[in-house]
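Both complexes shown next keep chain A, but they swap its partner, so chain B is in the first and chain C is in the second.
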Partner chain A sequence: MLYLVTVSTMVCIYIILASGLNIITGYAGQPNLGHAAFFGIGAYASALLTTKVGLSFWAAMPLAVVIAASVGFVLGIISLRLREDFLAITTIGVNFVVVSVFLYFDYFGRALGLGGIPRPSIFGHVLNKPEYLVLVVFLVAAVLLVCWVFSRSRLGLMVSAVREDELAAHSLGLNVTALKLAAFVFGTALAGLGGSVYAHFMTFISPYDFAFPVSITVMCMVVLGGAGTFWGPVVGAIILASAPEIMRFIQQYRMLIYGGLLAVLMIFQPAGLLGADSVFVRGGARLVARVRGRVVQSG
Partner chain B sequence: MADRLFRAEGVTKRFGGLTALKDVSIEVDEGSIFAVIGPNGAGKTTLFNVVSGVYRADEGAIWLGGSTLHGLGTHRIARLGVARTFQITRLFKQLSVMDNVILGLGRGDIPMGGLIRGPRSKEAVDKALETLAAVGLEKSADTKAGTLPYGDQRRVELARAMAMKPRLLLLDEPCAGLTHHEAVNLAEVVRQVRDTGVTVVLVEHNMHVAMGLADHVAVLDHGEKIAEGTPETVQRNPLVIEAYLGRGESGESHA
Partner chain C sequence: MVIQQIANGLVLGSLYALVALGLTIVYGVLRVLHVAHAGVFVLGAYAGLLVYVSSGSIVLCLAVAMLVCGFAGFLMYRFLYRPVLGRPALIPLIVSIGTFMFLEDLYRLVMGPYIKALPLKLSLPGLDLPFLRLTGQQLFIVGVTALLLLALWWLMKGTRLGLAWRASAQDMETAGAHGINTDVIVGLCFVIGSAIAAVAGIMVGSYYNQVYPSMGSVPAYKALAVIVLGGLGSVPGTVVAGLALGLAETLTMVWVGTILPREAIAFLVLILMLLVKPTGLLGRAS
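What follows is the complex of A and B.
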């Protein structure tokens, strides 16, 4: 039971992370291979604000989001003018730098990490793991609502136009730099939220929780499910975040499997499971059409 | 005499050792169709790229109405009312035809509530359909733009530019790759756009298309303006005949 709660909470956290990365990479088309850095910044910010500053979870969580998004904003201003391949490398670098900072400063607990992070409490009652999961499910619902509104807004359409063709977007009067930056800030804010939720779930965090392989894992989820689709990152997070727990024996080979998966997807199914040219979507559409046809014939 | 809407004065653009535009000046009357013709590599697309802010001119000045365009970024120039199409079509291929055109509306403005509200307000849809009807594509509104045949893609790109309600519309070889029939239709659309008060500058490699449409023609060769005038006078200009025919027949007599 508790095991199921733990896995479900992790799935929720990955849905938040993958949805954020999907805004940056799926909608705006900006490769970000350092998403875990912002996950870590959110987690460390929330942990420090509660353990050292003495704030409650309810104050620390939104602040962690703002801090992660602010770092995203500054890095975005510096790096979003780069060509896409340089941006990918820069974000990898950011991931390593951030982990190093956690590792080398006493304030961040070095390799030992930070412990004693409190679970949130409501009216003096400290939430246990199942109760915390209920809270996390509500947060995921809120995140998905915001992402859904974004994906259907004029802003979301403009951001997609930037992904499709930057020069064309520019020549329609779209402020491409501002749109990329908006997507980057939005996505890193969600990573910060995921970090805060993670820190107060684990109650103990260490630098390697936010290392580069985590960025690859989240990228795998987005690409597997379908970058640039609303449900893609949700499906990808559910599949990959529950699979390694079910198949514990392959744990050591996780990165190998993810790397292989990413390569296979890029070659055979670049749009992901839910993407436009996906065999699943086309097959599903055909199935629906056939069922409809039968209903029409028999009706 | 009509007002000048657009002026380029002494525009020079170099790429390393190559001078793609050499001291080029043109003036375009409001509400007219102005054609820039010239052989391949003459600098026509470069001229558009300089005007629309993709490249910055090394020398010279560019004016739209009373304001200078020199040094402004592409999206700022677009917001002042300069729309363009590309020699090789640049659509948002994964988006629907309707969304492509809707993105042209409002010149990049995010109206109040655009953070939350969808792009398909009734007003926007009506305007987009009206623009699509003008190019004869209203039936393809829900098709993914990248899946249309090439000729239709060119028309979507024109509709997207028209949706900006531009003051100046730059068309880079609008008829390239079209069948004769498609080219004739497109020329008619361009005329209609002009009749709504939009000033059009078009680049054509094909002299006959340009001559049929334009009120005024400038001829570029090796980055220099070698002739200018009405289609009739330009057609008779020996320098123009030389630029177009001299090569290939009498070899590199020019060089």
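What follows is the complex of A and C.
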């Protein structure tokens, strides 16, 4: 039971991360292969604010979000003027640099990481794992609501326009750089939130929790589900975050299958499971059409 | 002391240049960040190891590894990249990362997770001057890098193939319209790039005397830093960037000590440089 709670909490954290990355990569079309860096910045900020500064979770969490978003803002200004390929590699670089900063300064606990991070408490009652999961589910719902509103808002549409055709968007009077930056800040803020939630769930964090492979995992979730769709990252996060647990019996071959599946899926279903040309979406549409046809015939 | 460190840095830099060279060739013509190149690099090291252990011949070991990797590179192009060519850059990148993960695990399952030694016995004399000592092996690495570079330079500038490569790199469609079979050119790029990766794998494996399944994971991303530093797709730029990175890493280790691990230095240099010159060291504005 507790095991199930743990896995579910991790799935929720990954949904937050993947939704954030989806804003940057899916809607704004900017490759970010260093998402785990901002996840880590949020986690370390929240951990340090509670253990060293003495703030409560409720104060530390929003601050962690702000800190991650500010770092995202600065790095965004620096890197968003780069070409797409350069940006992809720069974000990989950001991930390596951030992890090594955690690893090489005493303040961040070096390779030992930071421990003794408190669980949040409400009116003096410290939340246990299942109660924490309830809190996390509420947070996920809030995040998804915000993402939903974003994707339907003017801002979201403008950001998508930049992805579709930067030149056309620019000639329509959109401030392309500002829009990219907005998406980057929004996405990294969500990564920071994920980090804070993770830190107070695990109560112990180490630099390796935020290493480059984590960025790849989150990117895989977004792309597997369908980048630029609302539900895609959610589905991707649920599948990939629970897959290692379900596939435990093939432990030995896990990365083999994971990597192979990823490559094959991208070749045959590049828009993801919920993307425009996916077999599932087409199959679903056909099914709906058939059911409708039958209704019309019988009526 | 300083000269010695510079020499060490240049040897390390030659290794970086070797690893990144194939990546540059592929990027130049296809605009694909070929992370799985590091998988080919490890394949080369293992192929070289197997041949060397059973035959004891360095020439045979290099030749077989280059053949095996060249073929592997062709297969990768044909079955992994060609189907996703028209897609946004992120798709081939993820295909590549997935393939690399697959290959790393495959090597672990087939060859075992342990570190294997690759003690190439070179009958080369070392250099022993009062202020500079280089082993025969270090000279061999620099020599092979220089030789491969010369061969590549000749191939690019002096042959019709090189002309076709440069034309395809500039504009695939126009090159095709002029009767260049771009599909063959790109395939050849993968073959040549992967053969160079095989040499790099054997060099790195013998330099550290270690061959293991995950030996490609740091080069995979560091090589990306090198080719960006060199201005994506520029062969001379890649060599300069590789050497510069080798020097930077060695010299900071000596003078500043280990402030940050090596991977971080590479990327820190990269990020700082992109701030100043967003098109890379020798890259032109596009």
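Operating definition for what follows: the second predicted complex is superposed on the first by the 286 of 299 C-alpha atoms of A that agree within 3 Å, B and C clash if a C-alpha of one lies under 4 Å from a C-alpha of the other, contacts with A are read in each partner's own complex, and residues count from 1 in each chain.
We take it that a contact is a pair of C-beta atoms (placed from the backbone, for glycine too) under 8 Å apart; a residue touches a chain by one contact, two chains touch by 3 or more.
Since this is a predicted model, take the numbers as computed values, not measurements.
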- Query: Superposed on chain A, are chain B and chain C clashing or fitting side by side?
  - Reply: fit
- Task: Applying the touch criterion given at the start, work out whether A:155 contacts chain B, chain C, both or neither, answering first, second, both or neither.
- Result: first
- Query: After superposition on the shared chain, which partner residues are touched by A:212: those of chain B (first), chain C (second), both, or neither?
  - Reply: second
- Is A:25 contacted by the first partner chain B, the second partner chain C, both or neither? second
- Message: Touch test for A:262: chain B only (first), chain C only (second), both, or neither?
- Response: second
- Message: Quick check for you: in the superposed arrangement, does A:223 touch first (chain B), second (chain C), both or neither?
- Response: second
- Return the chain, chain B or chain C, that is in touch with more residues of chain A. C
- Answer with first, second, both or neither: which of chain B and chain C does A:94 touch in the superposed model? second
- Answer with first, second, both or neither: which of chain B and chain C does A:167 touch in the superposed model? first
- For the overlay on chain A, what angle lies at chain A between chain B and chain C, C-alpha centres, nearest 10°? 80
- Shortest span in Å between Cα atoms of chain B and of chain C, once chain A is used as the common reference: 11
- Item | Residues of chain A at both interfaces, chain B in one complex, chain C in the other | none
- Note on the structure: Listed in rising order, the residues of chain A that touch chain C in the complex are 25, 29, 31, 78-79, 81-86, 88-90, 92-94, 96-97, 99-101, 103-104, 212, 216, 219-220, 223, 227, 252-256, 258-264, 266-267, 270
- Note on the structure: Interface with chain B, chain A side, in the complex: residues 149, 152-155, 157-158, 160-161, 164-165, 167-176, 228, 276
- Message: Taking the touch rule as given, give the residues of chain B at its contact with chain A in the complex, in rising order.
- Response: 52, 54, 73-75, 78-79, 83-84, 86, 90-95, 99, 102-104, 106-111, 114-119, 144, 160, 164
- How about chain C: which of its residues touch chain A in the complex? 27, 31, 33, 80, 83-84, 87-91, 93-106, 109, 221, 224-225, 228, 232, 258-261, 263-264, 266-268, 270-271, 274-275, 278, 280, 286
